[in-house]
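Note that chain A is present in both complexes that follow, paired respectively with chain B and with chain C.
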Partner chain A sequence: MNPVAHRLSLWLLLAPFLLWMLLLVIVPHLQMLWVSFHVRESWDSSVWGVAQYQTFFSESYYWRTFVRTGVMSLFTTLLTLIVAFPVAWYIARLARGRSKGLLFAACLIPFWASELVRTYGWMILLRESGLISTWLQFVGLTDAPVEMLYNDIAVMTGLVYNGLLFMVVPLVTTLDGLDESLVEAGYDLGGNSWTVLQQIVIPWTMPGITSGCIVVFMLTLGSYLTPVLMGGKDSAWFTEQIFTQFITRFNWEQGAALGVLLLVLSSALVWLGLRLSGQSFRRVMG
Partner chain B sequence: MTPANADRKSVDGEPVNREDGDRNCADLECRGLVRRFGDTAAVDHISLTIPPGQFFSILGPSGCGKTTLLRMLAGFEQPDSGDIYIRDQRMNEVPPNRRPVNMVFQHLALFPTMTVAENIAYGLRRQGVKTAERQQRIKQVLAQVGLPELSDRNPHQLSGGQRQRVALARCLVLEPTLLLLDEPLGALDLKLREQMKIELKHLQKTFGTTFVYITHDQSEALVMSDQVAVMRQGRFDQLASPEELYHNPATPFVASFVGDNNRLPGRVTSVQNGIAAITLANGQSVQGRAAEPGVAAGAAVDLFVRPESMSVKQDHPQQSLTRLSATVSTTLFDGANSRLEMRVGDQTLYARLPQDGRLGAYSAGSVAELSWDPRRAPVFLSGTG
Partner chain C sequence: MIRSVPRPAWSKRLYFAYLAAFFVYVSLPLLVTAVFSFNDAPFPSLPWRGFTLDWFFADGSAGRTGLFHDDSLLSSLATSGHIAFWVTLVSVTLGCLNAILFERRQFPGKEFLYILMLMPLVIPGVILGVSILVFFSGTANALSDTWGIEWDSLRPGLPLVIMGQVAFITTLCTLVIAARLRKFDRQLEEAAMNLGATPLVAWFTVTLPWLLPAILGAAAMAFLMSFENFNTTVMLTGSDAPLTVTLFNRLREGSTPVLNAVALLLMAGSGLLVGLTLRKPNKQTR
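For the complex of A and B:
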């Protein structure tokens, strides 16, 4: 094939992807950025300005929710990692043959249901008249119904559950490649389980940990249904505010500004995470 | 055949660095070790004793249980029965990280996320060696294995031979009582392997550490070892010095596995003073040394004679030599290792050619007169392995 034809076929292959990126990612974001710097004067005229951003910083409710969402997402990511690591270790290194596939499927099956159904599942379990509450009363641990929904712990539980698969998959992939003799050498040279984990297993798994954390963090930060349905009055999520601005208040300018801020926050935190863990984006995703 | 006490006389390598004066205390003693996987015993009642400073090899074909035995010594496998003692301390229940034993893994297992220096530092840190001393010892051990400049490289930036040396340094810096090596030269190309063989032997002598080396390559075992145990199907066939193994194999398996050998099946006609007269399938009569009690008149036997034990076409063979005529098939020129391929009946035979370069004298189809000293040709009952 001559170079021109080669280039052409490459472009043709890339075209759908580039089109997708352009139409669904770049254009909406530019539009959002553009809208966010407009300040409405009357119902049909507007001028350039940063009023929306000023509102964000002056209204403590906005930036408090913003910080809360960031911190809770980080915490959720960490929790997901802690829960997913032993699961991934078991699937990658201890399970053999059929049981390996079955375990993987067990992680995957919940994702056949939509997020709504999964969240509803948690609600059935946790609500005042739910299974756990009824059971606790039946066993006699409590006298009155217990409400376990509508608080931060409930939200976190739902979010960890949503993120689990996206953490387990990259961890299993990297742990699969870890040579058993490296672990044995770690013990042979005098290490205990903790030092082997910390000095050998975790450095090896770092690319998987980082990519899993990035995905789960992004998913959590941008999730909407779980925090709305399972969170209480005080556990507002930042996406809820964006929704409110766009849909309830029809204040697209404010909504766009909040959307831009969320994008900046997630990018900044991912960048920071990569720097702190000494990984490069190319190595993690490549 | 459980040579529990290795012949101490043949321990020629006096340890250099070792200061402890207790000569009676073996570095390693195993008694009746057994490890089963399902119904088959991978290691089947192995007993051995290794005195300090020895280069001990376990030689056997792949799948005979060498790795399983070594992993029991390191603590990664538990014996089903039997005991392991290191310097008179029972080790059976001691976990791998508490044993005074280090292992060079088959594929080396250098930590890919660490530099050479960090790889070596890992074990020292676990021992709680302070930073200054640690750096000093890393520097020293790298110099000893001949890699003084590479401490900041990553393992994947090293050549095969260099990685080998780092893996050795990583273990030797910890001054273990016992260093276990699982076919460490297997991944190297032939030339490097020859070089590393000699280097390993020298390193072992300088460090004075007891080496337990496993290999399926008989030449590695012969070149490096003070003692060699030949292993087959989980058992030791023979435990002896390399010379002894080579010249006095205890079983037909050892005779054919260690070094090149020709096997001639036949039937014993008589045995006198330990020398058996044998009639070969084609009717020729030769002599060999009866190596088993069962070798008696009428027994079906195999005679083993090495290519270099035979002289080809000597005009006046001595009286004590036995003679055999063979038909030349071809000559195999390989420098100092040139051989003559011949046929006796339907058996193929190889003999080392004399070093005077007269290859042309043996054309295909000509008859070569072979002769050998019967004492250097052991005779075993056929079908005993």
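For the complex of A and C:
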């Protein structure tokens, strides 16, 4: 190929990429940042200012929800890891042939339905007139209906459910490559199950753990349906406030500021996670 | 916990009990949702009142309107299909071009652009929706204020929903297609060119058929993700709401077995789509 054609084809390939990146990702986010620093004076004029950010820090409701969302997302991520690890281990190391594929397919079951349907399923199970409550009455454990929906535990149950697949898949992928002689060597050298897990298995699985945790954390932090539909009055989620500002109050400046704060929180925690685990973003996500 | 290291029987039993509990946890919500779409009662809860297909086929004459006679549900189903079609088309095309760009070409700043390409994975969907809303609606307002140009495609509505979903689904398509392109043996292409094919002909007759399974897989994934998306979509939707938004509004009013019927339909649809894409490559290798 002649050099001119070569250069031209490179630009033809770059153009759609740049259009997509600039128009749909970079410029919109810069615009959001820009709007968040504008304070509306009247319907058609605004000045630079940090009033929206001041509102966030002075109204305890905002930053409390912010902190709560962050902490609960971290906790959910950890819980998802703990729930998913034994299953991933079984799929990667113990199951053989047919059962391996079958088990893997079973982990995909929740993803036959959207987040809305999944949440709806949990609502049918957990609410006062729901299946579990009726069942508990039937076996005689309680004699009145029990409300299990609208609390933090219900929200966590739903959130872990949403994130499972994104944890199991990277864990299975990395565990598949684990050399079992390393584990045997660990036992031969006098290690017990705990030390082998801590010294050999977890360091080996770190790329998978990091990638699963990042994705689950992002999904949880940005989720809306599960906390709104399954949470009670006290379990507000930060995304809910962004929606309220944009959809109910039409206060785009405040909404943009809250959006920027959520983005900063998520980026900071992802960065921290990569730092602590010593992984690179490119290797983990790409 | 590996095969060559023996474990006590109680520990094995505990492990199996855990796995069993896990699969109950994974499948119960969806199973319950599906089963209650056939319950002959006005609410999706126990007791079981008998089997009925009313929630699918009732025409409204007996006080029940089944899914297939519910015009607002059907039209939002069509809207979702329309959106998903365009999102799939655009993001798979972009994904192919990006895959070639990053797998085949060398250019300055490639590493940086690759990391940019991954960014949509770590931006919460809500933020993506909000930023696109702020940018495009802001542009529409500016156009109409300064030049009196009304460009309604930039206001909340289908084009904006499509753009919002393309923003992050493109990244996933790129990763799926690039992973397959990486495994391609370039000598095959060179052989085609030695035999007299132009680079373009070699691409369409040798490389593209190789990529086809990945392209179909990416298309199925893009379609499902678009169909099921809520967080980005709800920020950008205009007067004709897609299915997830309609379902969410219905769910807030109260649940009826019609919602279960829709959920079952969606599960069947995605199951079918996943099954089809999983089947395709098997046939080719046989």
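Rule of thumb we're sticking to: the second predicted complex is superposed on the first by the 264 of 286 C-alpha atoms of A that agree within 3 Å, B and C clash if a C-alpha of one lies under 4 Å from a C-alpha of the other, contacts with A are read in each partner's own complex, and residues count from 1 in each chain.
What we mean here is this: a contact is a pair of C-beta atoms (placed from the backbone, for glycine too) under 8 Å apart; a residue touches a chain by one contact, two chains touch by 3 or more.
This structure is a prediction, so every number in the text was calculated from the model and none was measured.
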> So if we stack both complexes on chain A, do chain B and chain C clash, or do they fit?
Replying inline: fit
> Which partner, once the models are overlaid, touches more of chain A's residues, chain C or chain B?
Replying inline: C
> Touch check for A:Pro203: first (chain B), second (chain C), both, or neither?
Replying inline: first
>> Just checking: does A:Ser99 make contact with chain B only, chain C only, both, or neither of them? Give me first, second, both or neither.
In response: neither
> Where does A:Gln31 make contact in the superposed view: on chain B (first), on chain C (second), on both, or on neither?
Replying inline: second
>> Under the stated touch criterion, which partner chain does A:Gly191 make contact with: chain B (first), chain C (second), both, or neither?
In response: first
>> One more residue to check, A:Leu182. First (chain B), second (chain C), both or neither?
In response: first
>> Quick check: superposed on A, how many Å separate the nearest Cα atoms of chain B and chain C?
In response: 5
> Is there a shared patch on chain A that both chain B and chain C touch, and which residues make it up?
Replying inline: 184, 187
>> List the residues on chain A that touch chain B in their complex, please.
In response: 179, 181-182, 184-192, 195, 199-200, 203-204, 206
> Contact residues on chain C for chain A in the complex?
Replying inline: 1-5, 15, 18-19, 22-23, 25-30, 32-33, 36, 43-47, 93-94, 97-98, 100-101, 105, 107, 111, 113-128, 130-136, 138, 145, 163-164, 166-167, 170, 175, 199, 227-231, 234-235, 244, 247-248, 251, 255, 259-260, 263, 266-267, 270-271, 274
> For chain B, which residues count as touching chain A in their complex?
Replying inline: 74, 76, 95-97, 101-103, 105-107, 109, 111-114, 122-123, 126-127, 170-171, 174
> Can you name the residues of chain A that touch chain C in the complex?
Replying inline: 1, 10, 13-14, 16-17, 20-21, 23-29, 31-32, 35, 44, 83, 86-87, 89-90, 93-94, 103, 106-118, 120-125, 127, 129-131, 134, 161, 164, 180, 183-184, 187, 193, 214-215, 218, 221-225, 229, 239, 242-243, 246-247, 252, 255-256, 259, 262-263, 266-267, 270, 281-282, 285-286
